[in-house]
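What follows is subunit A paired twice: with subunit B in the first complex and subunit C in the second.
What follows is the complex of A and B.
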């Protein structure tokens, strides 16, 4: 009798455990569209009701900002800004490029804009919009020039170091490079004081191997978050004097220059997306572990 | 940036908004006609812009200087045209010359620039002990040192990973997994940031937040 009673209790507890397990294992089978809907809606909420998560400045971003401001940049220096990103990566790269352009212009530097993406003109137009006040005080051809699109990867970056005019015989608008006052005397790597490469790919790496390595050109990277693990060791090794990582880097730079913009606005939303991802990983793992414990194949 | 007022700009904004929703109908619902239409439009437009941009580039870099008397420009032009022989099986062998030239130049340039920044600087940075006394710097230093040595040992395939090599190669494998995990995590977060940009655009077009 006693053993029978024990058996009934044992069966009950097993059933109870199995039902708990099946509830948990369902977590692993949640339709991914449910997660996408939650994510899409949750990303919008912080834009409507900002949370205001604190932003701290990373040392790599601080180094980048310090390298393009103050004593590090003299009036009249010529810098290159490379738009190595297309429209799809505007949210990642553009805020940081905006701050860098503002900072360099305010130090009196002259800027050459180039880009290996076919939609480089759209990015240049966007920059004119996001730095409207700074561009208004500058004159095209004297303080800045848009040489436009180039293709050919590392070979062309190497060729740029030897002869800029051979890669860009004209600017983007068809003006011969010899007729642009700012380009008078700017012929090769020795006439360029610094390069800022903003990339979804590895043009920063090409400038590192073809410019910074052989000639010691000052070089910084404004990369997407995905490239952080490649860019940061290069900053630690001294190849990049500074690195901005993704839109987080952009938000830090906006904080440093004291003009909050697109990246700062987006940071809350990005933080929420990261929290949701962590939650999804926990739920998925709980479900999978429960399935395994329950012996489900 | 202010909300556009010109009619064409407003139309452009709304076309972009609808196309974005058409694309997102795939992950949020399922594959459907709207998604496929937007996808085909995207591919078509991207291809058209790429062809136009590259054609203009060839004109600017090669054809215009050639017509102005720079006879040397005939060399890249001929090499470029030879690439198209890939499309004709009988003459495909001709395309090997420009490919060989590209690969050779790429390797030559790559090797010239790689040694100092990619190897020498990276190795010096790895073996240089931190100058400060901060605990975290020393932890990072040791972590990178152990990770580097063990990961390299994992790829040492001349010897069997047993005996004294068993433990370090296993640790190396763990480090490689952590590294790949970090890469994957960064990739996912980058895509999320792109999605955040789209969410912002979604609200901006509806004038729920400022543009």
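What follows is the complex of A and C.
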């Protein structure tokens, strides 16, 4: 009797364990729509109620900021800002470009804006909006110029080093480059003091090969997060004097210049989404491990 | 004749351009006028290729519409939108003398294209979330190591990681700068050596795809 009772208990506990294992193994097979909804709802939380986690500054971002401020930039220096990103990457690249533009303007640098992306005009207009106060103190053609779109990849970047006017005989608005006061005496790589390339692709790499390598031009990169793995070795090797990686880099730069903006706001969403991503990976793997242990029926 | 144009002429042009560019880059960076002239041609050719690409796109999609091929409705939509953008762009240019400065063009860019473009990229976040759950499984020790490293780097990048435990940032940085960066350097160096090898093979005519569109 006793052994019979024991046997019944044993079956029950085995069934119970199997049931638990089965429930865990189901974690490996949750419908993807569940995840879409979880993410959608979770991302609403920081928008409705900003959290504001503290942000530490990465050394590559600090180097970028140091390289475009203080003693590193003299008044009257001519810099190029390359918009190698389109509307879809505004959230990742634009905050950092905004901070860099502000910093360079405030140091008295003159800026040439160019871009190999067909959205370049929209990005330029957006920058006019996000740096409104700084542009208001500057004069077009004297302190900054928008040369506009170019195509041709690395060949054109090489050609810009030799002869800017051969790529841009006129600015975006049709003014001949010879009639723009700021471009007087700015002919090639030797007349440019620094380049800041912002990319979803690898124009930073093209500038590195064709400008920084042969001529030693100061070069920095603002890239989407995915580009970080390519850009950081170049920063460590000294090819880029600084690198901003994704929205996080933008938020760090906003913190450094003391004007919080879009990237800082986005950091809460980044926190929520990254945390959920890690949780999703853990849940998925719990299910897989349970299956491996024999829980799957 | 066509074979000469397809192969010998391409050999000759590629060889001459390569030698000019290499000589300029390594020996006469500031004085090589020939290389500069060739690069100007390259700029022009690139711009012509944009027009050629647009023409090819129109031909391809027009053919699909006329034959009522697969998903021909989308091709029709593309042609319609292409025409609208082209006409409004030209109209703006004729009226103002500037390519893109007219109301309709700006409106379409600012209120249709920009929101769509800005939406497209974040939507991938949902797919990444779901894909991470389904695909990032520790099926063996290699995958497990990659997952652990990935989680640490993600938590390092997100401010919440440091808020939970400062160690996430330290370990994430270690994975990134001690683990990943040297790996990327290796890729970059090996890739560059591979590119040099490819260049020589192309010059020697051993890369058939480079000359005649692939195949024998």
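Here is the rule we go by: the second predicted complex is superposed on the first by the 283 of 297 C-alpha atoms of A that agree within 3 Å, B and C clash if a C-alpha of one lies under 4 Å from a C-alpha of the other, contacts with A are read in each partner's own complex, and residues count from 1 in each chain.
Here is the rule we go by: contacts are C-beta pairs under 8 Å (C-beta built on N, C-alpha and C of every residue); 3 or more make two chains touch, one makes a residue touch a chain.
Predicted model only: the values in this text are computed from it and were never measured.
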item: Contacts of A:158 with subunit B and subunit C, given as first, second, both or neither; value: both
item: Subunit B versus subunit C as contact partner of A:226, first or second or both or neither; value: first
item: Subunit B versus subunit C as contact partner of A:212, first or second or both or neither; value: first
item: Which of subunit B and subunit C A:119 touches, first, second, both or neither; value: both
item: Partner chain in contact with A:110 - subunit B first, subunit C second, else both or neither; value: neither
item: Partner chain(s) touched by A:270 [first = subunit B, second = subunit C, both, neither]; value: both
item: Partner chain in contact with A:239 - subunit B first, subunit C second, else both or neither; value: first
item: First, second, both or neither for A:36, with subunit B first and subunit C second; value: both
item: Touching partner for A:44 - first (subunit B), second (subunit C), both, neither; value: first
item: Overlapping contact positions on subunit A, where the subunit C interface meets the subunit B interface; value: 32, 36, 39-40, 88-91, 119, 150-151, 153, 155, 158, 167, 174, 214, 225, 229, 233, 236-237, 246, 270, 273-274, 277
item: Residues of subunit A touching subunit C in the complex; value: 28, 30, 32, 35-36, 39-40, 53-56, 86-91, 119, 121-122, 150-153, 155-156, 158-159, 162-163, 166-167, 173-174, 214-215, 225, 229-230, 232-233, 236-237, 246, 248, 267, 270-278, 280-281, 283-285, 288-289
item: Interface residues, subunit A side, partner subunit B - complex; value: 32-33, 36-37, 39-40, 43-44, 47-48, 88-92, 118-119, 129-130, 149-151, 153-155, 158, 167, 169-170, 174, 208-210, 212-214, 224-229, 233-234, 236-239, 246-247, 262, 265-266, 269-270, 273-274, 277
item: Footprint of subunit A on subunit C - complex, ascending; value: 25, 29, 35-36, 39-40, 42-43, 46-47, 50, 97-98, 100, 109-110, 113-114, 117-118, 120-122, 125-126, 128-130, 132-134, 136-139, 147, 150-151, 154-155, 157-163, 169, 176-177, 180-182, 184-185, 188
item: Complex contacts: residues of subunit B adjacent to subunit A; value: 1, 24, 27-30, 49-50, 53-54, 56-57, 60-61, 64-65, 102, 105-106, 109-110, 112-114, 116-118, 121-122, 124-125, 179, 182-183, 186-190, 192-197, 199-200, 202-203, 208-209
